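Look for chain A in each of the two complexes below; its partner is chain B in the first and chain C in the second.
On to the complex of A and B.
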C-alpha cells in the first residue's frame, strides 16, 4: 500500500507540468464540491427551521403586544408596560426580529380600531422604531430607503412628509414609487402635488398603483387638473387623463381637447378616448376637420368614439369609410350605420360584402 | 514538412477543441455570474411590488391566453379549468382546437355549456379555415372562454388564428397542458407596465417540471421529486437554463427564445411581423428573433423580458424515445431559425442581437453538439493511431465532469436561495445525486438527439413535430 502511494507521488513529481496543473485543478474542484455540499446542507436546514423560528417569535411578540395593550393606560405607562417597550426596543436591534415586530404591530393595527389602534401607533414612537425608519431615509442603499418609506406609509407618519418629498426625483424608480404611494396614501389628492415637480416618467404600473390607492377613498374633492394636463412630462398628462376619465372631470374639457394636437400620438389617442367617455360632443367636429391628417390609431379611436357619439348628420362622413382598409374602422362604421339607419334603411348589413371577413347574423365581439 | 504533417494536424485539432471547450466554459461562468447579480437585483426590486394592485385594477391591460390543443381529450377539461382560474381580472382564454381527431371539442361543449356563435375574425394572418366554428359559453361563470374549432394546421397556425381572434392588447401563448399559477399573468405583465423609455415586446417565464407533482382542479398542491432519472435530469437541466442562463441573457437584452410553453407578447408587434412561422418546428424561437429583428430595423428601443419566478409547470418526457424526439425538434428549430435569420449573425447593424446573441447561439447551441461529435470522432482516430496520451485524456475528462457537477450544485444552491421549491426532506439529496448522474444518464441522449436533428434537417425533411404522449398531470 505504501509502495503504491510512494509510486504515485513519484509519478506525480515526474509528470508534465500540465498534468500536475490538471491534478491540482481536479483536487480544487473536488474540494469545492465538498464545500458547496456542506453549504447546501446547511442552507436547506436553515431554510427549513427559519419558518418555525419566525412563527415562534411572531407568537411571542403578539402576546407581548396584547399584554402591553391591556396592562394599563397608553398615556401613563406602568412598569410592566415599560418593561415590554424596553424588550421590544432591544429586539428591534436585530433585523429579522424588527421585521417581525413591525409585521405584528401592523397586523394588530389593521385588526383593531379606536384607542387601542392609537396605542399601537404610539408604541411605534415609544419603541423608537420611527427614528430608525426616518434615519434610513438618508441611507445610501436604495432598498433601505424604499423599505423605510413603506414602513412610514403603513404607520401613516405624516411628519416625514418634508423629508420624503425631497427624494421625489430619486434615481431609483422603486424609491420614487414608494414616495408616490406614501403621498397619495396619506394625503389623498393633495399628495398628487408631486406631479408638479416630477422629472422622471410615471410608468403605467405606477399609475395603476396610485389610482388603486385613490380608489379606496370616497367623497374627495378632485383638484384642478389643468396644470397637469399642460405638463411637459408626458406620463403626467397620461396619468391625469386617466384621472379625468375615472373622476368624470368634464370641467377639464378644453385642456383635454387641446391635447388633440399634442406631439405624442399616445396622448392624442388617450385624449380622444377620454372625450368619448365624457361625452364631449363638440370634439366630434374638431376631430372630423383634420381626420385625414391623423394617424391610423387616432382614426380608429375616433370611430370608436363615433360609435357612442354619432348623429344622423354624420352619416355621409361615416359612409365614406365603409370600404376602409382597416378592420376596426369597418366594424365601427357598420355598428354606427346599424344604429343610425336601422329604422330607415335596414338593408345595410345585407348589402355589405367585403372579401376578408364574414358576417353570418349578428355581430359578436370577443370580450 | 510532410513528415511533420500528422503532428501538425494533431496540434491544430488539439488547439481547436481545447479552445472551443475553454470558450464554452468561460461563457457559462460569465453568464452564471451575471445571472447571480441580476437575480439578487430582481429579488430586491420585486419585494416592493404589490401584485394585488395590478390584478384588481380595472385599468390593467387586457390579455388573451391562446392555447392550441391537438388530441388533448384526456385532460382538456381540467386544463381549461386551470386557465380560467387565473387571478388576473382583465383576460380571456382562447382555446384553438387544431383539428383534433378525438372528442376534445365534444368534451369542452359538455363541460362548459358551449354554443356556436357568429364571430367576426380579423384575418390579419392567413390560417387554415374554421371547421365547426367559434363557441362561447351560455354560463356566465365561463364568459372568459372562447373555443375555436379549426382544420389542423399545426401549433403555429393555431396560435396565428388566436392572434386573429384576440381583441386584447397582449397575448399569452401557452401549451394547453401547462399549469399556470394563479398569479402568473400579473407577474408576466409587470415588465410591460414598468417600461418607460423602451418597449417590451415579449416576456418569458420559467418553466418547471410537474411530473410526480400533485395537481388538483388545476392547482399545484404538492411539489414532488420524480423517481424517473430522465425526468430528474431534465429538472436540473431546466433549473440551470432558467436560473443561470436566461437571467443573464435578459440582463444583456439578448434573449433569443421564450419557451413555447408560456410567453406573453405585445400583440401589435406580433401581428406586424406576421405572426408565427408555420414552416418551422421552432416557431417559439423564430418569432422572437423576427420580432427583435423587426425592432432593430425600425431602430426602436425594446426589450425581451424574462421573469425568473416559477409560473408555469409542465409535463416532461419520461422515456428516452419521446425525450430524443423533443430534443431532435429543438435542434431542427434552432437550425431553421438561425439559417432563416443568418443576415443578423455577426452584423453590428443589429447591435447585441447580431454581435452577441446570434454568435453565442450559433457557436454554443448550433455548433456545440457537432463539435462534440467531431471531438469524439477525432479521439477515436487518436486511439486507433495510438496517439492518445491517456493521462491527459483521463484528467481532462475528469475535469469536465467535475466542472459540470459544480455548475449543477451552484444551480441547486441558487434555487434554494431564491424560490426554494423542493422543500421536502430528502429532496436535496436527490437533487445532488442527479447532479452527479445527469452528465452520464442524460447528456449522451441529448447529444444523440442533436445529431439526429442535424441529420433529419438535412436528409429527412418530411419529419415535423413528432408525438408527445401525455399521461396527464392531474393523474400523476
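On to the complex of A and C.
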C-alpha cells in the first residue's frame, strides 16, 4: 500500500506540468463540490427546522385567533380575550412571529366578511400592529415601507392616509405602486386625488391594476376629471382618458377635444379614440379642419372614428381620400362609403350590415 | 340513534375550517373536515353526510370533481354548497351544471352560511 502511494507520488512528480495542473484543478473542483454539498445539506436542514417552527407557531396562532373570536360575544373584550391580545402583542416583538401572526389574521380576514372580519380588524388595532406598520412608513429601507403600506391596505387602515399620501412621489416605483393601490382600494375614486400631485410616470401595469380595483366597485360617483386631463404628467392624462372611456365621461368633452393639440402624439390619438367611443360629434369638424397637418397615425385614427361617426356632409371629404396611399385609410373610406351611398339625385341611403333589417327610407343630404 | 346532522367541509384553508367548525358545532351540527378533494370524497363515502360544503379550488381533486363524484358516481342527492372566490364565475356555473345546490362567494359571512345551511337542511 505504501509502495503504491510512493509510486503514485513519484509518478505525479515526474509527470508533465500540464497533467499536474489538471490534477490540481480536479482536486480543487472536488473540494468545492464537497463544500457545496455540506452547505446545501446544512441549508436544507435549517429551512426544514424553520418550516417546522413556522408550522407550529402558525397552528398556535390559528388556535389563539379562533379562541379570541369565540371567547366573548360582547363588543368589549373580556379577560380571556385580553390575555390573548397581550400574548400576541408580546409575540409581535419578534419579527418572524409578527409575520406569522399577520399572515394568520389575513388568511382568515380574506375569506370572511361581517362581524368576524370586523373582530379581526379590531384585534389588529388592539395588538398594536398598526403602530409598528405606520412607524415603518418612516423607514429608510424602501422594501419595509412597501410592505408596511401593503399590510395597511390589506387591513383597510384608512387612518394612515395622511402619512401615506406624502410618499406618493417616492423614488422607488414599488412603493409608489403600493401607495396607489392603497388609495384606490380604500378610497376608490376619491383615492385618485393622488393624480393631482403625481410627478412620476404611471406605468401601463399600474394603470391596469388601478382600473381592475375600481372595476370591483359599483355605483360610485365619478369625480371631475378635467384637472387630470390638463395634467403636465402625460401618463396621468393617458390614464384619465382610459377612465373617461370606461366610465363614459361625456362631461369632460371640452378637455378631451383640447387634447387634440397636445404635444404628445399618443395622447392625441387616444383622445381621438375616446371621442369616437363617446360619440362627440362636434370633434369631427375640428379634426377635419386641420386634418392635413396631423400625423399619419392621427389620420388613421380619425378615419377609424369616421367609420362610426360619419354624416352625409362628410361624404365629399371622405371620398377625396379613396386613393390615399395608406391602406388603413383606404379601407376605412371604403367601409364608410359602403355604409352611406349617395345617389345621383343628391339623396343618400344608409346601408345596414344586417340583411334582414334594411332601411329603405331615402333622405336628402339637407335633412 | 344519533340525530346530529353531519356536514362534510372540504376546505384547504385550515383557519377557515376551524372557524366554521366552531360555528357549526355550536349550532349542533357534526362537522367532518377534509383539507383536499380526495379526503372529502373518502369522508363522503364513509359517512353519508346530510350536507356537503366545498371550496372550488383544492389540491388533488377540485370541488367540481367532488360534486361530479357525488352526483354521478355515488348518485347522492345531498345538498352541496360551493365556496367560490372572485373571478371563478365560470366555475360556479359549471358547479351548478354538475349539480351544486347553492354557492357562496368569498369573502362570506359565517352567519349567512349558517342561515343557508339551516334552510337547505329543512
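In this text, the second predicted complex is superposed on the first by the 274 of 367 C-alpha atoms of A that agree within 3 Å, B and C clash if a C-alpha of one lies under 4 Å from a C-alpha of the other, contacts with A are read in each partner's own complex, and residues count from 1 in each chain.
Here is the rule we go by: a contact is a pair of C-beta atoms (placed from the backbone, for glycine too) under 8 Å apart; a residue touches a chain by one contact, two chains touch by 3 or more.
Note that this is a predicted model, so its numbers are computed, not measured.
When both complexes are overlaid on chain A, the residue A:69 reaches chain C alone and has no touch with chain B. By the touch criterion defined above, A:44 lies against chain B but remains apart from chain C after alignment on the C-alpha atoms of chain A.
Comparing chain C and chain B on the residues of chain A they touch gives the larger count to B.
Of the two partner chains, chain B is the only one touched by A:26; chain C is not.
Using the contact criterion defined above for the overlaid structures, shared-chain residue A:18 touches chain B, although it does not reach chain C. Within the superposed three-chain model, A:313 lies out of touch with both chain B and chain C [touch as defined at top]. In the superposition on chain A, contact of A:331 is made with chain B only, not with chain C. Shared-chain residue A:108: touches chain C; no touch with chain B. By the touch criterion defined above, A:190 reaches neither chain B nor chain C. Shared interface residues of chain A, touching chain B in one complex and chain C in the other, do not exist.
Residue ranges on chain A touching chain B, taken from their complex, read 15, 18-19, 22-23, 25-26, 29-30, 32-33, 36-37, 39-41, 43-44, 47-48, 143, 146, 150, 173-174, 177-178, 200-205, 207-209, 211-212, 235, 242, 327-328, 331, 356-367. On the side of chain C, the complex with chain A involves touching residues 13-16, 18-19, 22, 26, 86, 106-112. The residues of chain A lying in touch with chain C in their complex are 62-63, 65-66, 69-70, 104, 107-117, 216. Within the complex formed with chain A, the residues of chain B that make contact are 44-45, 47-48, 50, 53-54, 56-57, 59-61, 92, 94, 117-124, 134, 136, 143-144, 146, 165-167, 190, 192-197, 391-392, 395-396, 398-399, 402-403, 405-406, 409-410, 412-413, 416-417, 420, 423, 425, 428, 432.
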